[in-house]
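Each of the next two complexes has subunit A plus one other chain: subunit B in the first, subunit C in the second.
Coming up: the complex of A and B.
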């Protein structure tokens, strides 16, 4: 099936000139060959150099980067030393890129059809009269419905999944011999992601192209690639067939990475991989992973290991790889501090509705209510003291909106939020009492945006302490240090700025700021989404520890079902701002009843070469929820027709507080499930 | 699209109406009126009262505002207190001259600014960029009267190439302003070019490092085609608003430049009217300047919408 070597990177080192004037390498001595018909995954955390490597395979260096040594050959010619006229012919014609964020990678001023036409005209294996026909074929090939309508649209008029399909069609337009995929599904919803990967693996098999798939997501790699290369700190540390790398890798880093991934079938917290990779130019003379390695010896520090071949095939950069097998990959960490009994109800959302529709000036003058269907509607959730409740759903499911309402950033249009024993919470922060503000804290997704870049960590932590507790001087400093230590950072962080910290450290500071207020309720909005998996595991572990110590209640919002599974006691599944299903995490995950939950869980990609996602719901874009009936009616694979379109689904109790909003009778929901889907999700992890 | 246009037009008209009220109220609040200006030292007792009765100044302010505003809509701006001529024709002459000055500066400045902005943006951090960007900062920061004085000194006194001041009267035909108009046009061009050029430069740099330009490069699109097809249509959009501000500034009377070169335009006339306490004229010019600003900005927003598919189709297609 595989043929001659098409892409051949030889001893490639690429770097940039740092502020000190020293040349800092981001890629070090990369040797990698990719054959025709082969699909190779390149995984690594942010900063590992994987994207730089992928772009170098197209002879492209980002602003400021330059080649230190080596070559990047394609079909025997070095792309990094080629006149631009020849490069233009190869790029798009022989080797094409499918970019990470297609929404931003398609020119906003050109219609989709025009951009495809451009590619065809440049690398045309068709005559100009045949181009319109070929545009249609390409759009059909990536399974876009109604190609004629899509072709006359502008990129911003398409959904994220459709944009990604257009980008794939554009890459296929030049009929290239090799495809480079740079995180092609990152940022897409799980169901969309599963559909795109399905399409990509189909293309890989059918068209017999060389494929290089760059991603931080081992689940996506597992789905598409037969060979996996693991990168760390600008080096290749492991190269082998997908099954071995994803189940029993020979490198300590790869094993740690696998253990840090939360999994659907596992209710325990993932294992954190402490520490962080050395920044460019900082790797010592020895192994770059030595500081985080569980089995490192003194000699690992002094001698840089070479990339040595393995008996079973593949290559590894570890002198002690024979002992790597002792590091667990699946033994998950301790179970999250769950428990059956929780305290009194702390927050009760009853019949909550939130609308973003703004009253126009005319409406205000005439006293009319804003029209349109509310973004969030009919949400009933009771949260008990000390509980972690997860809110999951795809983008647009209203999960973050609900958090904002609890935090007092948007007012409910209907219903109320009852808090503790004080009854209904005032709608907005301005109307709330200082005590209520202190007790409810919010942690945001991206610490880069939620921490003031001009404040030191000391100033950031001082704000809640001064505001709520009136601390100053030594008392303030002491408390700040105590809080930093609780989030496993030391006093020496106090005078640093956020920009001097890593992503994980910044998020710890954001967590520390929330906990400085001694909150009763902490609202976590996608707090681990911007972090690498190994860092994510550490943050999850920290959140769990803090909760164990202080009995704080969490509302944990995430699009990542496995992350929610690891931390939550109960889970609420939302679609288009409406509740689909709510119940104990174990019940919802092991026996999903609502068709949407079933579709979501089926689409999750697990880092197992054998696991195949099950595609049930279509990945169509829904701009607004339907005016009446079930919110999921347009995508449901088990729709009972008329009643789903006209009637709001009833609440059905499956026992133990497991409530399902669906028209299908509960008995039928639990018994006649699409068993293959469930099987797939749960089987590989039952221990 | 039509709905948006009508909506914006109505908003613009409302803005001008409100501004006209503020102008009227402000002038009203000043001590003295047209009669005190006409009669000057004789403005007292019987004569003042007679004058006011004659001009209708004894009537309530609201009535006079309605009369003034409805007159203005019909193109009747009242009578100058200074020389009893209709303001419409006095201001009309100056407006025509200002339009000539603005038109010449724009015709020279906009293409130059766009060209230099694109050039410096594409050649970011190279010598040509650094040199041109530095010159632009100088052109922006040196006050117009300094530039004007230096230019007069060099080109008119020293080299005697062009006249240093404009001697034509306000009502002369347009041809009479050449070649005197050359130096004021150069001064204005220098200031506006620097502003527009810097906006265009940073916008070109942004767009050239965008994901879609990188994508076009990796698609094998030739450089020239990347610039003209993928980059510039997006990079020039922010220029529309800066150009609109510049046009507003030029029409609003470039007071200093007109005064220095003795150019009989709107700004020059306004200064003269203020020192003559010719309040009806000041009021009329203020109204014209406000209308010009609103009109130009309206045009800029509509243009931006027409050239940006994102703005255009978002409103038109989404429910």
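Coming up: the complex of A and C.
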């Protein structure tokens, strides 16, 4: 039911003037038409130009960018050459943008209803008497329960998912013909994300709008889009229907990208796509992907391939696309170096509780402990020498807090952390012995934050080497180079600054800094979350290699269940700072027992249009864990009323160290599973 | 699958940060004008005794309050002294005193601010309230109190100015430090077990320096105004040494009949302060886009 071409980008090239004075293109010869009723996904790694293209479709160029050639038509008129008065009328009224992080684009001091009223009045498509009713309608359309109650709230009183729904309602307020979505679910929790995507794909079908969805996440694209465009180094390299592009694409880059995505059903490490795209203006005369291509020939270097039509529909920019099928897309990687036989326990968290509650003045005067429910409570985890234990959970699950407690950056309110044979670890860094400090190292999520921007790589690596080993001069330099080589970087990196490295290289430096201390235990806090998917695979591979070489124990924290699956031997699932389930990775993933694990795994998005997430838990806002009973009681779909609210769930052993904290009897948990039951109802067409 | 070394990336050679910043400053009109004014004033202060047309003490009874002419380009004052000579030499004391006091103020205020920003806790709470209390008092009152107690002269003015103008620097340095302390690389250093001094020196200092340099430039202009005000009130430079504040004070009584003796020092003082402010502004912008934050192209 697709209609006429609404958005039509013709031969568009956009660039900026570099320091050298040369014009550097970020988009090159883009041809793309989007029809009414069609939802097109634009995917690519950071720097591929996907956001620039989406913004150009609204006639917007970021500061410093200018049009080199071509035009961006909307309904036949070039937006990039239009006076700003006309553009204002088109934006919001005819094309609406739903940005990433909508919470920040809502005005914090206006009630939701007032903001919607404002944008309805602005577009003037509804009479002023009809506005209140239209507000209710819009909030219903984005499936917010109880629109009247939501309308009188302020944005900060809504959860991240609800804010995103309000932003979608705002975009729909002007009744636009086209919707542009720029990473609309990035940064949301998996369960929330799945709900929002469900809503978006429903809107796309029901309202017959042209939709452009920009994302780095192929799983999200698979849920919403019927057609997918893959971008690389400012060019469209592949354009086709979603099923083909996401399962059996004709371009080597798209195949590599698919292979680099960790998947729930695949316990192997994903396959890394080495190298990086050429920076703007640096692409040679040939194909821009040639340096990373597995099937490239000499002629690919000299001749730039055109975007040629495929027999089965779609377009591809590859001269050898008939041969691309030989590159594997799934189940390609090798298995992580799993142990099986692990040594002595290295770390034992027993009855650990951590509280961020601060002592109030009254508490101080009365000499009381701070009031309030602790952020992390009753956590018992034993970590054995040489294993990788994954901690998973949504934001607020306390996984990073636990890492900080092990690293000595926050002191536990209760319980203890026993380390190696030396007994309980002192609570804070200041009290620990140098040896203990050296043996426990931390790697952070974002290398831009964890590397001092003013230090060269040499200075960064020197810090642990000087502190723990007292190295200096040639010995220091030699050791630094040896460590850089272990993370697959060369000596020429030593005198660079972090800003001169790519995201993946920076994270490797951060890993090198941690391993420079010769640690026994490495705490990885979302170490791949800030990286592109192809880079993520390389970093996972590196971590696995280092573990194999040095027998280091990892605690691996991530919100991405598939990443944890690829690397971990055992997995602990946390909710609101309480342990839900812990056990061998294979057991937890293949047979999730705790209702929260089930909900979490069900919501994971696979980059496959056929695999539909199963939505179980409501995406309501949880500000603090409940004072008593089960932490998951408010969202649980299998709640056994009274007991869940009053009693702490018992530990139940499902065998082989698989422990579940739930009131439902173990037999019932392992045999009846909602997910498989739902499976048959919701997705009869799959498999 | 197992990768070799990552290919080297094209990058610009490491250039000195200072030269990059100066180049960036000169690319803006505000930076050009500001640097020109500041350098011109500093050069005049250094070398004016060698080319001043008259002796600054020489009085001419025949030309009292004479309007500008070919001999006295800017006229003469009430004692018949050449105003051009006294104006180009009038900034020497002010620039000397403030140029010593500014780095001292930035140094002690900056160090204490960085320490408090990192340490936090009770000491921070108490000292910051003291700072607030100090800043609530009018500066002129504090300065006069010190001068009344210890007398005037460079030996008193330099430490006095350095002390009082270091107090607002504490605030700036503390705020800048708190932004950095919250970042993961400081957390990483703490987790490794570095001492507080080592964290200040290695992780914080380089990142706070930018804010301190801009703050120092701003403090310099405030200090100049303060010094000139003290001279104007008779607590700074003693006659017959030429000084802008003093010249403005002296010529005040004759404004109605002879306005020119006041013009020259006022213009000299304002141009220096405007120059410093423009320089500080350009410096802030140049540092904002420094090499550590710029992308490789």
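By our rule, the second predicted complex is superposed on the first by the 671 of 687 C-alpha atoms of A that agree within 3 Å, B and C clash if a C-alpha of one lies under 4 Å from a C-alpha of the other, contacts with A are read in each partner's own complex, and residues count from 1 in each chain.
Convention: a contact is a pair of C-beta atoms (placed from the backbone, for glycine too) under 8 Å apart; a residue touches a chain by one contact, two chains touch by 3 or more.
Keep in mind that what you see is a predicted model, and the values were worked out from it rather than measured.
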Would subunit B and subunit C fit next to each other on subunit A once aligned, or clash?
clash
Touch count on subunit A, higher of subunit B and subunit C:
C
Does the superposition put A:545 against subunit B (first), subunit C (second), both, or neither?
second
After lining up the shared chain so the two structures overlap, which partner does A:495 touch, if you call subunit B first and subunit C second: first, second, both or neither?
second
Thinking of the overlay built on chain A, is A:109 touched by subunit B (first), by subunit C (second), by both, or by neither?
first
Contacts of A:452 with subunit B and subunit C, given as first, second, both or neither
second
Regarding the shared-chain residue A:393, is it in contact with subunit B (first), subunit C (second), both, or neither?
neither
Which partner chains sit in contact with A:408 here, subunit B, subunit C, both or neither? Use first/second/both/neither.
second
Which partner does A:437 contact after superposing on A: first (subunit B), second (subunit C), both, neither?
second
Look at A:631 in the shared chain and tell me whether it touches subunit B only, subunit C only, both, or neither; answer first, second, both or neither.
neither
Of the stretches 42-50, 96-104 or 150-158 listed for subunit B, the one clashing with subunit C is residues 150-158
Subunit B-facing residues of subunit A, complex
55, 58, 60, 63, 84, 87-93, 96-97, 99, 101, 104-110, 118-119, 122-123, 154, 156-157, 170, 174, 623-624
Within the complex, subunit C is touched by subunit A residues 18-20, 24, 271-272, 274-275, 279-280, 282, 291, 333-334, 407-409, 429, 432, 434, 437-438, 441-442, 444-446, 449-455, 459, 463-464, 467, 485, 488-490, 492, 495-497, 499-502, 505, 513, 517, 538, 541, 545
Subunit A contact footprint on subunit C (complex, rising order):
1-11, 14, 183-185, 187-194, 202-203, 206-207, 291-297
Listed in rising order, the residues of subunit B that touch subunit A in the complex are 209-212, 214-223, 229-230, 233-234, 308-310, 313-314, 317-319
